[in-house]
Structures are given as structure tokens and as C-alpha cells.
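Scrolling down, you'll hit the structures one after another.
Each of the next two complexes has subunit A plus one more chain, namely subunit B in the first and subunit C in the second.
Let's turn to the complex of A and B:
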């Protein structure tokens, strides 16, 4: 029963809230929200919105962040894949993808800020020897007006995402064979990859790329930490207007949220245009038949850039750890004079409750998502229906900006008598956990040899028992990985927790982000490090548990 | 005494092109052979009899086991066992776990039953082994025994010897056919190997 209905339930859970949220955003944007006395449609909210100082700059920063982040991340990923040749370095980077992906945005942002701020680690390492600085220079690096630091932070997070998506899509293209074929025609390896693999790969990762554009153009938590202030990015401005004590500002905030949707759509449309241009010139380049030109620079760039970003990401996390244990630390000194645990001891009592809430929300939403995804995939298998038809719907919550529908969702829920609370937060997290869990599990589920299940049933075992006794054990490793991804996604959520919990549900992430304005680096170090390590526990279990359970089953090692 | 496996006017079509047409009574202990090159629809016939036919195919006719019409039963209730090209021992279970997997749930003394079965295929004491550590021939024997322990009423053989090397193939062929005859099970063999068909010794059609 559940299996038969699963796809419908899954789709309804993903599409329903997004649509309801958008609707409850559009109405107030045009002045209609009876609860706050808006009885008639009007353009007043928009007039108020456009009168806001710095709105143009906000819009521009959001738009350009979306496009620049995506261009840079995608280029680095593609260059790496083209230059990778299976060396030890390449394999190490591939293995690091999942843990890097699991680090929440906020933790990465704090880590990056600690690294590159005027009084950050890099400046300390080169001062005063190279710079002559005896005091932190008066430079606006973090929170720069054009959002460059924000873009850098996003690039660190989006590279692992795009890399993982590409690595998942590549096997079906048989890249080794394509490259070999091209090389036998005289193309150098990297050029061969660009000309024979990339044109086939891009269509397969197009949706993830769009998700990156949408995310980067509307991100909130990272923008609060790294993004410009006065004016901030559009998404952060919208958030501030919504939280304005003057409730009539809600109308303008709704208009702002609709504008955010428009900015994201504009960024997507621009990308689509650029994509067409790039495809044409690529076609041209392929047809010219150039076989070696540019091989070396491409290869160096491919290795170098990914190495740089990976090292930066790790250095950022290292920086968090350093600050969380730092005692007295004068400016140009590279390391603190002593290491202390007092920051941890002081934070420990206040960590407990958010830690518990974080774990509870993550476990609940991931468990729900897992049941739904397994039922959906099982239904697909049983009815032998081809996937892909409704796949783009999975991306709906990932492509529609969070700010554009989450406020509306709160309003919609309240009109049904549901106040912001823990349950609503879990439901909200489900919107984002479900797609990621599905994306990370679907391929392994479909690839598993159907003969296992036919065999089981010809031995007289029912479909249900076959599912539990054959399907689940054979898929244990990919299921655990997908669960770890789900937990990581939930742990990292800021805006859904903040809004759907009405500000009263505090998790590690909401607490960490709220520390941003305080500027106590030691404290931030503690919280951000906890936030970064939490998802790693899930991944360690996902890797360790199957090894332990199947210690005596060599057929299960390196299985699907 | 077992019942016969009866294929009544079975016709399987793909987009209005007839792949297989069979009308045959397979008596207990007999091995009926369907020969044909790959892609001729042999395996489709097996999928139909076992209950796994993909909805892209259209099938007519009926399958009976004695006086029981099994055409519309789910695969697990048909009592039709399948032996594949590969032994397909479940990698997450031990050898004994694999043998026990197919035992009907109400079997008394399951452990004893499994131990006897292991003895019968010269693998006494292998119960706790990881199936991945068995040799190819041992795996095939466990797969055969697992099938027989599930007490099927009929058996389908999907080119079960094609992946074995020549000497092992002869050995397994003798073992499988003698065991099927001993259990007096009606069997349907699909193959493209002439020697398989000869060793089976029953009636034969070519696609």
C-alpha cells in the first residue's frame, strides 16, 4: 500500500509546500493579507521596496554571486575531471568529496573568514615579514561590498557538490573508452576528455548546476557571515524586513521575496543563454580538430585549482579548531601563546540542548525521507516504470529560493492552525533532505542486479521479505551513505529551522550563525567546529559499519 | 509423485512480433529443452513461466502445474524454481544461510536439514563459510542444493552451464540432471548449447 502510493506522497510533500509557500508570498506582495489588514490588491509594497536605499546593489550582488560562483565551481570541477588520470592525488581528492560536502555552509564560511580576515591566519603567517603589518590592516576583506568573499566561500562548498554529481553521472558515459578512442586519433588526453566526454556529461549534470545557481543567488546563512552589509544581499535584506518589528513591513518583505525569485530566475535564464553560446563555440572548437594546443595549461589548471580549494577548505576547518583552543594571541604571531580548553568548557552547557535538538530533527527528517525514498524506488522497480519523468520535480525545493517560499509556508501553515514548532521544522527539513537522499541512492538502487530478487522469489520468498532480507542487506552501504548525506543536509539547514521553528527551535546551526554578529572568534570556533564535525560522524559510521558487519563477507566489500 | 508442468498455447509477443510459441506437457522427471540463439526470446519464456514477464511483452496462453492454474499467481507462490547462469549465492549470507534461505518456513530441524544437504554435495563443514571463498564448482553445487531445498514443483534452467569451463560443465550437467530426475521434477531448459540438449534427453524445440 505504502509502496504503491509512495511516489505520489513524495511528490506531494515536495511540490505542495513549495507551491503553497509561493502563493502565500505572492498575495501579500500585492498587498493582500487580511490578518495584517491587507484587504485589497495594490502595488504599494513594490513602491516601498523600490524606494529602499541600495536595492540595486543588493540585486546585483545576488545575481552576480549566482553566476560567478557557478562558473568558477563548474570550471574547476570540469578542469579537474579532464586532467585527472587516476593518480594517487586524483583518487585522494575523489575520496575527500563526501566529507567536504558534508561540512555545513556556515562552518565553511566561518573557517574561511578566520583564514582571510585582516587579522586572520593568512595575514598572521605573512606578517610582519612580508607585509610589515604590526596591526591588522584596515581592509574590508570579509563582508566586502561586491560579495567576492561570499563567492569564494560558496565556491568551496559547491565544488564538492558538482564533483559528486559528475562522478555519479560519469560511469554511464564510459569516459575511459571515449578518451582512449580520441587519443588513438591523436588527441592529447585532456583535450580528448574535453572533446569526447564533456559534451555528453553536461546534459547529465545540468539540473545540479541549476541548483547551484539558484542556491548561490539566494543563500542566507553564508551571506550573513561572509556577504556584504549595508546593503546586504537581497536574500538577507528580505530576511531583515520580515523580522522587522513593524509588521506592515511584511508586505514589502513579501515583494522582496518575489523579487528574489525573479533575480534567481534571471540568473538561470542568463546561464541558459551563456550555455547556448558556450555550446556553439565548443562545437566550433571540436570541429576545428585541434589535438594538442593548450594541453599543458589545462592540465596544470585542473590539478592546481582543485588542490587549492581542497586545501583551503581543510585549512578553514583547521583554523576553526585553532581559534577554539586559542589562549592569548597577539596579532602578528602565527600561533597563540598557549592552548586552552576554557572556551569549550564554557560552551559545553549551552551546547547540550541545541545538540540534542539538531540530532532529533536530523534523525526524524532523514528517517522519514529514507522510508519515502525506499518506497518510491521499490515501486519504480516493481512496476518497471522508467525514472526521469518527474525527476525535475525533485529539484523544485532546490531551485526555488528558500527565502521565496519559506515565509509563505509559515503563513500557509498558520492559516491551517499550525504554529511554528519542532514538527514543522522536521517537515521543512524533509523538503531538502528528501531530494538529496533520493539523488544519492537512486543510482545504486537501480543498478542492483534484478536477478537477486527473482531468485529470492522463485525460492518461495514473498516480495516484502525479499525487500528486507535481500534488498536492504545488499544495499546497506549505499543506504548508509545516503543517510549520512541526509543527516548532513538537515544539520546544515539554517533558514528552514529559523523560520519554521519561529525562532524558538535552536540547533547548532542557528546558534552558530547567530554568533556571527558577535564576533567572539573563540566561541564561534567552538560552535562552528561542532557543526562541522557532527555530519562527519554520520559519514564515518556509513563507511565503518558495513566493514564491521561484512568483515567475513568479501562479496560485500566494494559492493554497489 | 509430482505433477506435470503444462504450457497451454503459450505465445509471447513484442510489439506484435511473435517471439515464442509453445504448447507442451512436461512430465515429472523430464527435461524439456528450448534451443535458440541469444535474443530469440528463450529467457522471455522463462520469465513468463516464473512470473517476471516485463509489461512490455504481451503473453497469451496459460501455465498449469498439474490441475493448478499458476498463470496469474505471484512468483513466490508458483512453486517454480530457477537456476541461473551464475550461482548467485547471496553475498551477505553464509553458505548455510544461503541454503536455509529457500527452506519452507515450517521445516522442522532446519539446521539438520542444511547439514544433510551439505553432505550430499560433498561440502560438509562448509556451513559457516563466506560464499565468496568457494570455488566455481562448489558455488554451483550450493546453488543447486538451495533450489532443491526450496521444494519446487517445477524447475527452470536458464543456460545454467554456459559460464562453466568444459570439465566442470560436464560434471555439473550430470549432477543437475540426475538430481532433477531423482526428485522427479518437470524441468524447462533454455540453452544454445547442443550438448546440453543432448544430455537433457527430453523433447526439444528450436526457436
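Let's turn to the complex of A and C:
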């Protein structure tokens, strides 16, 4: 019963809220909001929006952030995959990258800011010896007007995501065989991968790529920390307008939210156009039959770039740790005058309750999502239906910008008499946890050899028991990885927690962001570090458990 | 005797249920308020960006639980207007009796906006037993919020005043008025800035500068519509145009909020900064954020100061608990603890003449801390302009300096 209904339930749970939220946003965008005296439809909110100073710049930064971030992260991932040959270094890199997926965006952003700011760690380490700086240089690095720092921060986070998605999709393509074939025709290994594997891989990771574009063009928390300020990105401006004490600004804010949706769609459409162009030029390149040109630089770039971003991300987290123990620390000293634990001691009592809430929400939403995803996939398998086109809708919450529908969703929930509370937050997290869980589990599920179940059925075992006793154990490793991804996604959510919980539901992330408004680097260090470590524990368990449980079955331990 | 009370109690309970969620306790009947408040959970929405404030609120929470059996929950906001928009969303959805916000830490434009849209409950403040301790007749600032009379819709909580601070190892004589500040910035480029508008500390800097620079500062205390905005503010823009190239990042970027100034001071990027909380520099020295050579002062002509309040949304389901909390915040015990520099250092709104000698002693200010502002400096307080100026200045600033 559940299995058969699962796709419908899943779809309703994801699509319903997004649509309701969008509807509640469209009405005020065209002047209809009776509480504030807006009783007729009008274009006034749009006129006001377009009169906002710096709007064009905001739109441009959001749009370009979406495209540049995706281009850079995808290129680095693809270069690495092409250059990787299964050497020890490659495996080490892969192992280093995957935990980065679990570190929330906000923590990464704080870490990066601490690292590269004019008074940051790098500047301290090289000053005054190399630079002669006795005071931090007056340089605009973090919050630069072009959004370059924001893009850099996003790239750090999107690389692990795209890499894991690619690694999940690769096995079904038999990349080793393809490369071997191409090599037998005289192609150098990296070139062989580009020409024989990439064209087949890209269609499989297209959805994750689109999710990255949508996310990068509309991100809020990272843009608040690293993004430009005069003006800020469109999503941050929209958020500010929504929170403006001048309540009539909400009309314009709604129009801005709709515009944000438009910008994201425009970025996706542009990417789609670029895809076509890239496909054509790729075709030419393949057909020209060049077998070795550029092999060495590609190989070096493949490993070098991913190593650079990965080490940067780890240094950023290290910086958080350093600040969380710092006593007074005058520039340009490379280390604090003394190390103190007082920041941790002070934070500990107030950490407990948010920690518990965070864990409860993450577990509840991930568990719910897991049940729904497994049931949906099982239904697909039992009825032998190919993944339907409607599944695109699953990704709706990832494609539609959060600022475009969450405010409307709050109003929609209120009109149904659903008060902000823990349950609503869990439901809100489900919107984002479920698609990611599905993304990370679907391939492994479909790839599993169906003969195992046929065998089990011929032995007279029921379908239900087959599911629990054969399928689940076989899938333990990918399921745990997917669960870890789900937990990480839930832990990192800021806007849904804040809005759907009415501010009453405090998690590590909401606390960290509200403390950030106090600007105390040491305190931010403490909270961001907790925020980063929490999902990491999930990942360790996901990797460690199968090894422990299947200690005597090497084939079941899952990919590193 | 006890026989007839039982059915009455049951009846009262029956009525208490709807009363509890829908209509409010009558603040003039304080005993009824006390009774109703018992066991209520009060969601107090207050800016949560400062650990000192947060720790003080934690202490309040413990006291309220112990003394009044009221469960206070601090909802930490990173911007007070979030609570305003929350209440608005509830009104929009027709939730008029079971809102999620019971008490808001508020003042200025947020208060004006909530009043204008009928989002507040009241009048209640003047019925609070401890309100008399503020001696409002002699201290009009506790019933005036940015020139608007509060009319009992918010209860005073504490006092803030713009206070400048600097590192005395880097600066010998800090600038004491706006003209000197410009000269100083020219001589020390990149070492001063103010928070990006519409942050309220940044907006307060604009008002501070405007009061000093304008030929007609009286105009600021009436609604902006009544005067020629361009004419009144022209000297301010001329001043800012001259100042910006010498600011941090050459005025191409501004820090996002007041406390960020402190971080920039801590990192050594700035040498001079200001805050709304006179004891913040001293507290930051104690928290290893600022060097011990930090010193505080106010400008020669005085600096802007205001009172911050707590208010109750019209749809709060726990108004009795909220009023009890507002009353506790006004108690000599809570006010003295708040003013303690080791706790928060926020100045009291109570009038010392209403207290007896032993109570007064608890409010003595420790002058031995060198980073601490001398108490007499705070006598030099400029009142806040009408809130309409804040909004107009913010818009004009953004038009001039955003996206160019």
C-alpha cells in the first residue's frame, strides 16, 4: 500500500508546499495583500522594485554567480575525474573531498572569510615578513563588488557535491572499459576519458548541475557573509525588503522574490544554451581525432585544482578552530598571544538545547525522507517502470529559490491554521532533504543486480521480506551515505528553520547566524565549528559502520 | 466555605480557557495578571547577536521561572524587524489570538511601524507596578520613542547612547566633533567607517552627523514631510561625499552591522569606532577582543541616545506572562543586574530618586575600568529625531551610494 502510493505522496509533499508558497508570493507581487490595504491588482510593486538603486547590479551578480560557480566547479571535478588514474594520491584526494560535502555553507563561508580577509590568517602568516604590512591592508577582498569571494566560497562547497554525484553515476558507464578502448586506439589516458566517458557522463549528472546553478544564483546565508554589499545579491536584498520595518515594502519584496525566480530560470536557460554550444564544439574536438594534445597540462590541472580547493576548505575549518581558542590577537602576529578555552566554556551551556533540537529535526526529516525514497524506488522496481519524467518535479524545491516561496509558505501554513512549530520545520526540511537523498540513492538502487531478488523469490520468500533481508543489507553502504547527506542538508538549513519555526525553533545553524550579527570572531569560531563537526560525525558513521558490520565481506563495504 | 468555590473554580476554568487564548488580561487588575501568568510560556523575541545580552536574558529566564513560575524562552533574532514581519504575516493569515510572539525588544522605527499597523497590545505599560520607579513625569524619555509618545504600548527597559572608542596606543587625541572627524580621517585613511545603511547603528551615525551639520536641526524633531528634506540634509551629503574616500575600503564597502565595527577594531583594521552601548568597549576588553589600551568618550556636542523598550503584540496568547516579565525587567533587582559591567552594562531606566539608599547603591558605576565611559559623559545626550527622518535618510543614502 505504502509502496504503491509512495510516488504520489512524495510528489505531493514536495510540490504542494512549493506551489502554495509561490502562489502566496505572486499575489502580493501584483499588489494584492488585503492586510496591508492592497485590494486591487497593480504593477506598482514592480515599478517600485525597478526604481531600487543598484537593482541591475544585484540581478547581474546573482546571475553571474550562478553560472560562474557552476562552470568552475564542474570543470574542476571533470578535470580531476579525467586525470585520476586510481593512484594512491587520487584515492586520498577522493577521501579528503567527501567529508567536505557535509560541512554547512555558513561554516565554510565564515572559515573562508577568516582565511582570506585582509586581517585573515593568510595575511597574518605572510606579514610583515613578505609584505611589510604592520596593519591589515585596506583591500576589498571579502564582500567584493563582483561577488568573486562569494563564488570562491560556493565553489569550495559545490565541488564535493558534484564529485560525489559523478562518482555515483560513473560505474554504470564502465569508464575503465571505455578508456581502455580509446587508449587502444592511441589516445592518451586523460584525453581518452574526455572523449569517451564525459559525453556519456554529463547527461547523468545534469540534474545535480542544474541544482547547483539554482542554488548558487539564489543562495542567502553564504551571500550574507561573503557576497557584495553595495548592493547585495538579489536574494539578500529580497530578504532585507521582507524584513523591512516599513511593512508596505512587502509588496516590492514579493515582486523581488518573483524576479529572483526569473533570474534563476534565466541562468538555467543560459546554461542550457551553453550546453548546446559545448556539445557542438566537443563534437568537433572528438571528430578531429587529436590523441595527445594537452595531456600533461590537463593532468596537472586535474589534480592541482581540486587539491587547492580541498586544502583551502580544510584550512578554512582550521581557521575557525584557531579563532575559537584565541585570546587577544593583534595583527600581524601569526598566532594569538595566548590560547583560552573561555569561549567554549561560555558557549557550552547554551549549546545543549540547540544541539538536541538540531539532531531531532535532522533525524526526523532524514528518516521520513528515507522511508519515502525507498518506497518510491521499490515501487519503481516492482512495477518495472523506468524512472518517470515526472520525477523532475522532485527537484522543484532545489530549483525554485528559497526566498521565492518560503515566505509565501509561512502565510499559506498560517491560513491553514498550522502554527510554527517543530513539526512544520521538519516538514520544511523534508523539502530539501528528500531530493538530495533521492539523488544520492537512486543510482545505487537501480544498479543492484535484480537476480538477487529473483533468487530470493524463487525460494518462496515474500517481497516484503526480500526487501528487508536481501535488498537493505546489500544497500547498507549507499543508504548510510545517503542518510549522512540527508542529515548534513538538514543541519545546514537556515531560512526554512527560521521562517517555519517562527524563530522559536533554534538549531545550531540559526544560533550561529544570529550570533554572526554580533561579529565576534571567536564566538563564530565556536559555533561554526560545532556546526561543521556535527554532520561530519554522520559521515564518519556512514563510512565506518559498513566496514564494521561487514568486516568479513570485502565486497559490501561500499566505495570509500 | 470551600463547597461553593469548587463549582466556581470549575466555571472559572471553563471561561479561563478561551480567555487564555483569545482576550487579554486586564493590566489594571494586577492580581488577576499574576494569577493568569502562572505556568505560561512567554516567547520573548530579542536581538541575539551579543553574548552579554544573551547571558543577561538567561538570568532573567531563571528568575522568572523561580519567582513567578513563568517559562520565558528567548527567541534570538538577528534583526528585530523579523518579529515585526512575523506578526504581520500572522495578521495577514487571520491569526488574531494565537500569535507566536509574546514580547519584543523594540524601539524607534520598528515601534512606529507596529503602532501604525495596529500590531501592538496596550496600553499596558503604565499599569505595571514597577513603572512608577521610572518617574516618567521627570524623565519624559521613558514614555517617548523617537519623538513619538509611547502611550503605554511599550515598557522602558534600558538606555543606549552613541559612544566612541579608540586604541590609545594608536591615537593620542581622538576627534571630538564631525569636522575634526573628517580631518582625522583624511590624515588616517581607511581607519574609520560606519555600518552600512539601513543598519540602525549606521543610520544613527547619519542622524548624529546631520544634527551637528544641519543649519536647522529643530526640523528633525517634527515629521520629515513638514520640511524641505533636500535643504535640511544638503550639508550631510556634502560631508559624506568628502568623508567616504577616506573611510575603510575607501567607502566602497561598509561593515554590515554595529558589532562588526568591534571586530574590525579587534583585527586592527580600524583605529576609531563607535557603539550604541556605552559599556561595550569595556566588556570587549574583558572578552579578549580589544586591547587594554582601549578608551571611550562621547563627542563634544553630545551624542544621540535613546531608550529601548519591550512591547506585546496584539495577538500574543500569553499577555499576562509578558506583562509580568516586562514588570520584572523594571524591578530594581533586574535593572541593577543589567547595569553591572560584568553582566551587560546597559544603563538603567529607573529614576534613582524613587529608590531607597540601599537599592541605589547597587547602581553605582565602577569607574576603575579604563575602557569604561565616565558616567558624567552620558549626561550629554541628544534626543532621537522623528522616525520619519530615519527612513528618509536611509532611502536617500541608498540612492546616493548603492550601485554607483
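Definition applied: the second predicted complex is superposed on the first by the 536 of 560 C-alpha atoms of A that agree within 3 Å, B and C clash if a C-alpha of one lies under 4 Å from a C-alpha of the other, contacts with A are read in each partner's own complex, and residues count from 1 in each chain.
As a working rule, a residue touches a chain if its C-beta (ideal position, glycine included) is under 8 Å from a C-beta of that chain, and two chains touch if they have at least 3 such contacts.
What you see is a predicted model; the values in this text were computed from it and never measured.
In the superposed pair of complexes, A:377 makes contact with neither subunit B nor subunit C.
By the touch criterion defined above, A:33 reaches subunit C but does not reach subunit B. Residue by residue along subunit A, subunit B and subunit C are tallied for touches, and C comes out ahead. Of the two partner chains, subunit B is the only one touched by A:550; subunit C is not.
Once the two complexes are overlaid on the shared chain, A:247 sits against subunit C while remaining clear of subunit B. In the superposition on chain A, A:460 makes contact with subunit B only, while subunit C stays out of contact range. Shared-chain residue A:97: touches no atom of subunit B or subunit C. Once the two complexes are laid over each other on the shared chain, residue contacts for A:452 go to subunit B alone; subunit C is not touched. Comparing the two complexes, no residue of subunit A contacts subunit B in one case and subunit C in the other. Contacts from subunit A toward subunit B in the complex involve residues 383-384, 451-452, 454-463, 466, 469-470, 473-474, 476, 550, 552-556, 559. Contacts from subunit C toward subunit A in the complex involve residues 43, 45, 47-51, 54-55, 58, 73, 75-79, 81-86, 88-95, 98, 100-101, 109-110, 112-113, 117, 189-190, 196, 198, 248-250, 252-257, 259-264, 266-269, 287-291, 391, 398-399, 401-404.
Of all the residues in subunit A, the ones that touch subunit C in their complex are 33-36, 53-58, 117-119, 135-136, 138-140, 143-145, 224, 228-231, 240, 242-247, 250, 326-331, 340, 342, 346, 350, 407, 410-411, 414-415, 417, 419-420, 498, 502-504, 506, 510-511, 513-523. Partner subunit A is touched in their complex by these residues of subunit B: 50-52, 54-56, 74-82, 84, 86, 88-92, 101-102, 104, 130-133, 146-147, 150-152, 156.
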